[in-house]
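A short write-up of the structure that comes next.
Chain lettering (A, B, C and D) follows the sequence in which the chains are written, and residue indices restart at 1 in each chain.
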Amino acid sequence: MKKGVMRPGHVQIRVLDLEEALKHYVELLGLIEMDRDEQGRVYLKGWTEVDKFSVVLREADQPGMDFMGFKCLDEASVDQLEKDLLAFGCEVETLPAEELKGCGRRIRFKAPSGHDFELYASKEQTGKWGLSNRNPEAWPRGLKGIKATRFDHCLLYGIDLDRTLELFRDVLGFDLAEQVVAPDGKRVAQFLTASMKAHDVAFIDHPEPGRFHHASFFLETWEDVLRAADLISMTDTSLDIGPTRHGLTHGKTIYFFDPAGNRNEVFCGGDYHYPDHEPVTWDADELGKAIFYHDRQLNERFLTALT
Amino acid sequence: MKKGVMRPGHVQIRVLDLEEALKHYVELLGLIEMDRDEQGRVYLKGWTEVDKFSVVLREADQPGMDFMGFKCLDEASVDQLEKDLLAFGCEVETLPAEELKGCGRRIRFKAPSGHDFELYASKEQTGKWGLSNRNPEAWPRGLKGIKATRFDHCLLYGIDLDRTLELFRDVLGFDLAEQVVAPDGKRVAQFLTASMKAHDVAFIDHPEPGRFHHASFFLETWEDVLRAADLISMTDTSLDIGPTRHGLTHGKTIYFFDPAGNRNEVFCGGDYHYPDHEPVTWDADELGKAIFYHDRQLNERFLTALT
Amino acid sequence: MKKGVMRPGHVQIRVLDLEEALKHYVELLGLIEMDRDEQGRVYLKGWTEVDKFSVVLREADQPGMDFMGFKCLDEASVDQLEKDLLAFGCEVETLPAEELKGCGRRIRFKAPSGHDFELYASKEQTGKWGLSNRNPEAWPRGLKGIKATRFDHCLLYGIDLDRTLELFRDVLGFDLAEQVVAPDGKRVAQFLTASMKAHDVAFIDHPEPGRFHHASFFLETWEDVLRAADLISMTDTSLDIGPTRHGLTHGKTIYFFDPAGNRNEVFCGGDYHYPDHEPVTWDADELGKAIFYHDRQLNERFLTALT
Amino acid sequence: MKKGVMRPGHVQIRVLDLEEALKHYVELLGLIEMDRDEQGRVYLKGWTEVDKFSVVLREADQPGMDFMGFKCLDEASVDQLEKDLLAFGCEVETLPAEELKGCGRRIRFKAPSGHDFELYASKEQTGKWGLSNRNPEAWPRGLKGIKATRFDHCLLYGIDLDRTLELFRDVLGFDLAEQVVAPDGKRVAQFLTASMKAHDVAFIDHPEPGRFHHASFFLETWEDVLRAADLISMTDTSLDIGPTRHGLTHGKTIYFFDPAGNRNEVFCGGDYHYPDHEPVTWDADELGKAIFYHDRQLNERFLTALT
């Protein structure tokens, strides 16, 4: 949190059929519906999240990610970061408070990778779902499905990883926690964090800009990953791969698809990072093991199923 | 245990290189070497097993299973079962005590499936490895690798499942716990148990007699399955599939190969069975889900990689 | 299952307030209400149990256990066991079919320990709750609270352990799986099994006959024991001890009380037993560790809170 | 990390017998011995820690904590924090580089609670133990005992919590993550964090200054907490309480004592914190549940066994 960027705060995902999507994100994934707006967007969150929402679903003709937003420490940080983004060469757009319900003004910019990101400092805090902030129980009763605890990160495919790293590291204060490096020294994957988490956002080198690989949600245990796998099967949800472990970050994971074809991940564990840690490096010829630690080979879908 | 057959007692597996095999079965799988004999065979066991050994490795030109043996309650049971096997039409061979070191006389017969099985009642009891039978600790220190707790069952591919079921059910007193049935009513897989376990031996319909699919070893927890997967990767051991869950028995599992190409399984959990339970039936058109509950499709290897 | 006794089939427990008891056994413990009868008794079961019920609650002035019943392989076994019980010196009473709804005739006898037991062979089979017997999912959705999977065993306090062992071993075909032995050689606790489980019923030496220590229910994992502990706390249920591990059987456990003061246990794991295994012996001066493996000392309640 | 303080970096603990202590901290707890110095101090670390050491054992006549050190982002942060500490009214002492082997200069100050703390920015980085920073495996082989992953936090008993909070919050940039408040509004416990962890250091109100309650080490899973409990029992180590869960932070935990009487904790899980989160508040009349979520009452030792 060197520059006041605290964490991934929200992601807006395009879905083809909102009711089908809600069945997926609420009944299966276990996010909680918090609000809807006049545009028809639906606001969701994981139960441990203090802010009002972290996932926004928008019905559209094409799946994919509209934008990902990071919450900042305070408005002054956002002001400073806006200047720094302009100085870096980004165009910055301001969205007024309440354009997302309960969220203060946001500034939006496009990263060199081709993805839209946002920064904001204010969002209504409704508290953890189902728990009081006074003498809180260990967990709330009434959670559904996979019981995702929080929106954790996105993995994005796009262009110009070097310049994107400069932006996130030098302007936004992220650290490079892990990377995959080709034999010629080119970085082909970069995992970035603003805090102790192994990644708050990650990029994979890809010829098209602005593609969406997955949005990821955190679970507490490997047992929870198994329950997720069971529920994915029981609901005839399209599985990508898992349960397994990643080499990168060492998280324990399962990938699956929402009805629109957007990939979701639920995972637990994963290494922690501090700013004085050297990045972990994987060699591109170990990419199979880096991505899927047990299978040690990529499935074709991992590289090609993007939205 | 309707006819005195208690449990799978041992399996003799052919390996191509004994030292490589020991590295696999002892250092990776965590079995304990208990003895060797003049033929060069090595005797292993899992740490919870009270009898002296349960796995015998024999160096040979071809991988596969020589035989699987079941321990019976007493010698009188073996005598009676011998008569019943002869009446059923099996040829029965007697192997003298100490042909396997520490094991009493065994009677051997070929099942209609084409596999060799044995019955015996006497084997030296060395007790659980590393634990006293008086005030025993929860587990012994010094276990290696995957820490397999016991030899659990074999899955075998072969012919004539109906007649094989008759033999195991009517002569040996096993129950049919689970089955896979084709649309025409033909049973294409049968899981048989002599006790509460979901299976002590299982058969899959296959045009060749006497083929070996895997020997399976029991773990305590899903965490242990993850550790197994990690170790399989760390040791560059050939993975088949997993961690995942089976539909049949609902056990949580991982498949991998020994250096000779014999498939091993380690698993935990799994349904329990009592003699008054109706068999669980899977339809053959759900075979993918029956075998791999999360992927819901077979990998080619499952059907073709046999020894 | 040497004499045809398969497993614990039911226990009838006296509660002081039926509605409070149901809140406990259904909402907290997660048993499923299956039926009620004209006497006002309520019939419950765990979701993995194939038979119609395993727990019967009866409202009464005093808590405790009315009787525990074992299911036998067939009616012929019950006939033979009745003769053997009479020969052993027990008085045997016959209860007609449907005295418990859905259950066939039962024969009832008092063990030397002072407890009433029953044998029966017929009970309506409703199948596992929420699952089909054809292509069954891994677990049913809609389970409540602790999600107890099955009634597992009872621990009983009473007199004359030696004669009680003779009855269970010689007449009913149980094995002595574990025991606690005093310095003078007297057996002060005995854990008995009719199958692979570490215990189907257990007795502790006590000057009063016929006392009830606890009824125990099986969980799948140590995570489930934690969830049980959390729910016990969230519902202000009276905790006895746990989560912890037993030395005896090495099961992982938590004890708590129903509103009438009857102790319940939920546990997972535990050693397995086969008829050829020597009993495990704990010395009475290690009793603390035998009962509570981590604390290594008994709490006063364990010895005195009986119903 | 508002003021450049990143994390707990080390704790120096006084032990009565160094060899006994090493048996405890290395063989049981699973820390790795990294170095010794001319004073006879021994340097240890958990396997996930990148810096050379995090625990220093010093043989002395009385058990307890000498000091706890926090690692800062860079030397400039330490310079600024020194000025701020002086301005706050602390006396600040500078310890030269290599006074602890491999550690740069440290500045030391006494908090109002009566405890000595240090700040430093430089320490030799030896990397995670047993793992490469290039294509790292999931975990290293050869770990011992409880396999503690890292030094996580200390809980300290002392005076003047208000002023101590001011120091940590306003000068050092920590957040108040959780607190216990008496009916009269007095804060009697405060849990402070410099990052996402539920606590990096915690204080409980106590009439004596500078007392040490425990040093805590992180484990990955609830299964690991069980293994820890088993090993504590197997090694006849003095147990305080657990396995159980805390209400505060909701971590899953076990407390035990080193041979000198210093309390250790190993735990897993626990809530996460960001700077925009309101502190969680527990009422002092719920203190039992706040500390031990399942038992809902304190054991006497928790309040009185201090070093």
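The rule is short, and it goes like this: a contact is a pair of C-beta atoms (placed from the backbone, for glycine too) under 8 Å apart; a residue touches a chain by one contact, two chains touch by 3 or more.
Note that the structure is a prediction, hence the values are computed from the model and not measured.
Path length between subunit A and subunit D in the chain contact graph, taken as the least number of steps between touching chains: 1.
Contact count check for A-C and A-B (C-beta pairs in contact): higher for A-B. At the interface between subunit B and subunit C, two copies of one sequence, more than half of the residue numbers in use appear on both sides, so the contact is built from largely the same positions.
Distance between Cα centroids is largest for the pairing of subunit D with B.
In whole angstrom, the spacing between the mean C-alpha positions of subunit A and subunit C is 48. For the pair subunit B and subunit C, the distance between C-alpha centroids works out to 31 Å.
Between subunit A and subunit B the centroid-to-centroid distance comes to 44 Å (mean Cα coordinates, whole Å). The set of subunit A residues that touch two or more partner chains comprises 138, 221-223, 230, 233, 245, 289, 293.
By the touch criterion stated above, subunit A contacts subunit D in their complex at residues 1-2, 6-7, 48, 50, 71, 73, 125, 127, 133-136, 138, 195-197, 220-222, 245, 247, 250, 269, 271-272, 274-278, 280-283, 286, 289-290, 293. Listing the residues of subunit C that touch subunit A in their complex gives 137-139, 141, 221, 223, 230, 233-234. Of all the residues in subunit B, the ones that touch subunit A in their complex are 222-223, 226, 229-230, 232-233, 239, 242-245, 252, 254, 289, 293-296.
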